[in-house]
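Heads up, the next two complexes both have subunit A, just with different partners, subunit B and then subunit C.
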Partner chain A sequence: MTDAEFVRAYDIVGADFTNAGRASTGIKETLKNMGLASALIRRVAIAAYEAEMNMVMYARRGTMTLHVTPNDVTIDVRDEGPGIPDITLAMQEGYSTATPEMREMGFGAGMGLPNIRRNTDEMVITSEVNQGTAIVMTVHVS
Partner chain B sequence: MAEAHYHSIRFDSSACHGCMACMRVCPTQAVRIRCGHATMLEDRCIDCGECIKVCTRNAVVPLTASPAGLGHFDYTVAVPSPALYTQFDLNVTPGTIHQALRNSGFDAAASLSWSCGAVTHAIDLFLAEYRGPGPLISSFCPSVVRLVQIKYPELVDQLLPVLSPREVAAREAKRQASVETGLPPDRIHAVYMTPCPAKMVSIVDHPGMDASYIDSAVGISDLFPLLAPVIREVQTSGLHVPETETAAGLGWAFSISLPSTLPAEHTMSVWGLPNVLRILDDIDKGKLQRYTFIECHACFEGCVSGALTVENPYVARARALRLQQSLPKRDPVDRADMRARHERGEFRTTVPFAVRPPRPLGGDIVTAITRMQERDRVAARLPGIDCGACGSPTCATFAEDVVTGEVDLAQCVVLRQGQLEEQLARLAAAGVPASREQRARRSGDDGH
Partner chain C sequence: MSGTAGTGMTSGAGGGTAGARSLAEVRAAVNGVALWCPDDAPAVTGVVAADLMSDVLVDARPGYVLVTGLVNVQVIRTAAIADLAAVVFARGKTVPADVVDLARQMNVPVFASHDSLFEAAGRLYAVFGGGPAGPGMRRQA
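Entry: the complex of A and B
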């Protein structure tokens, strides 16, 4: 095949609810502009949005890096934050550590990480308590 | 689905002097200034008419029908927009306007009250049976429909598949005229009195329908100077005019009259395209699913602030509210009749809403990757101040325009200025004396 790859990074600031969602909107617009199938874009956009909101709600700061190759769309998410002590538990639907304030804003249903898994073909999550969390999520183009 | 994009707006390059007002206001970034004149990106324009509202040189021309050309048909029905009723003094009732339309050569004027009331019931009956993804998005504003088709292709199935009051009114008026005159419905011409150019697009494009029941549209701003003197004649004649309209229809001039059975906490009303864009973004992200129905209007005050209205939209809205108080409050429709029509599918759209994604940066994925890389390289060199002097609305759109070859990078005046200063610095280093002005700028004083 070819080694063509498009890469773009987005910075995320923790607790910045005014700009929350901009990175995933930017990723969605970029993929549309590249002419990818809309069903694929929607899956990527939902997964990206969940990951972005997790960082805004829990982390101090983070980055989302979009990689597009002819075969895959990958988003590499890395944050500096509290980390996840028990990933297996966090991956369960309905499990959430959201505060009442977060729930007030419509988050905290415990669907964030499960939603990422459901909408991606590959998802690798690693975390270290008090350091941060990394998620690499991939959706195959074809 | 890749049919050519019809538009009801045209830029007149002889009147346009490239001031950028339309480019800056365009909510879908569909305007570029090229060679000193505004041009349209046809795959992005949603015909909302914001450009018409801001142009001071009448260089944005709506392609509506001329009121003078409507006399050639066997039978012509006027289909007023509820916004038409709000354009005249408060003592001008809908009945007076209908009489003035008949005196002006229309054979009949359709009742919008009945069709507005009917569509409210149709929404109620549809929602009671709907089990698909939510929320549903109102489909009566053609600019909102086109925005969804272009920018939110995943949401087209959430556009409400119920016909608009204007289409229902035109169909009913044609049926009635056909019965009364014996003419076949296709010999009867229905003219919509439109507050905006977008309704013209919905006639030609007929999203959700095999064909529109409306045949042409006349802008309220074109009709107003002709109708105003006839209205005065009707008023001074002392003729008793029947009032066919009810309060139900007037509200539609700025909002959709939602069924009273729909809990208020499950609905939302959004006015103005920047707000509509934000809400559609949220729906696209899978949010707002607890809402059943979201009504969206491209214009900030609804149809009374359409680009082809003449009255201040706030005055018009106040008049609509006052007229509502003076008109009968009764429900203009018969419930049993509504249910029968609903079961026959009379209020349903007949074809799915199509998607119309704009042309992407590259045809295949490898080209798209290369062009997107190039776009980011160009964007990194741009100042990011969105001055618009290049003729593209933002630095980001300019970077795309450069990559697609629409425009040359040298069109960026800020970049050019920087290059010029570098050249001058090189010349100075080579011993060429700088001008007084350049010396002044470098030393930081203003030269006085």
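Entry: the complex of A and C
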């Protein structure tokens, strides 16, 4: 890997369950091709996948932008959607506002945001009700 | 959704009394039919049984087999993201062609079993050294 920062953006479409997970799969493949350690790739992929599923379930649309430097892998997640009124509550394991339809897809267990935190070294979440949510998540390479 | 949805129970080979098993052993234990499996020799390091994919992402380790009653494409994407060895669809459910197609595309072996989720998990629990003298079924910290 060179010192230059690698950047790639992925568009996410709300309620598109058929393609949900494709962006995270793409991120995982990209990191594999860069030769990063498999354990690190798995952490990033799981965090990205949880964030992607959250956007598909709740937001109208969003983007995930992958940034890779020699030191860090960062994913910048931004969506247009309902926002999160109480982030502290949303970070609690098991808290969920998912609909039965979301649960039928196997998601909405209230583990998404906690699982992002578990798999990343840094996680900053900001949200504005009726505007959207942003999550910047970072995993250190070394 | 089954009554055991979201339990996220796991039985791994980390307890010291059970080693890795092959996909062929897993398939035989649950009387599974291979829907797509180009090679059943790869090692399986443990098992996770759940219908909630977020629980799978928390509990599974690389090389685990996922046993689930959920049948949709998100199961395959979850297995691929989490580096799982294979998926066993329990409860005799019909697995749609698009799910098998995605499994092939993402290189995730998939099996179908008529066992209930409880039965399949129980049989695999025994295969992986569970039971009174075994390492036990534990939720990974």
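General observations
Keep this in mind: the second predicted complex is superposed on the first by the 139 of 142 C-alpha atoms of A that agree within 3 Å, B and C clash if a C-alpha of one lies under 4 Å from a C-alpha of the other, contacts with A are read in each partner's own complex, and residues count from 1 in each chain.
Everything that follows uses one rule, which is that a residue touches a chain if its C-beta (ideal position, glycine included) is under 8 Å from a C-beta of that chain, and two chains touch if they have at least 3 such contacts.
Fair warning: this is a prediction, and the values are worked out from it, not measured in the lab.
After overlaying the two complexes on the shared chain, residue contacts for A:49 are found with subunit B and with subunit C alike. In the superposed pair of complexes, A:118 makes contact with subunit C only, with no contact to subunit B. By the touch criterion defined above, A:128 lies against neither subunit B nor subunit C after alignment on the C-alpha atoms of chain A. In the superposition on chain A, contact is made by A:107 with subunit C only, not with subunit B. Contacts of A:5 after superposition on the shared chain: subunit B is touched, whereas subunit C is not.
Of the two partner chains placed by superposition, only subunit B is touched by A:30; subunit C is not.
Legend: residue contacts after superposition of the two complexes on their common chain; A:20 is shown touching subunit C, with no touch to subunit B. Using the contact criterion defined above for the overlaid structures, shared-chain residue A:69 touches subunit B, although it does not reach subunit C. Of the residues of subunit A, those at positions 21, 24-25, 28, 38, 42, 45-46, 49, 106 touch subunit B in one of the two structures and subunit C in the other. Interface of subunit B with subunit A (complex): residues 153-154, 281, 284-287, 355, 357, 360-363, 365-366, 368-370, 372-373, 376, 400. On the subunit A side of its complex with subunit C, the touching residues are 17-18, 20-22, 24-25, 28, 38, 42, 45-46, 49-50, 53, 103-112, 115, 118. Within the complex, the subunit A residues that touch subunit B are 2, 4-6, 8, 21, 24-25, 28, 30, 32-36, 38-39, 41-42, 45-46, 49, 68-70, 106, 141.
For subunit C in complex with subunit A, the touching residues are 1, 6, 51-55, 57-58, 62, 68, 70, 72-75, 77-78, 80-83, 106.
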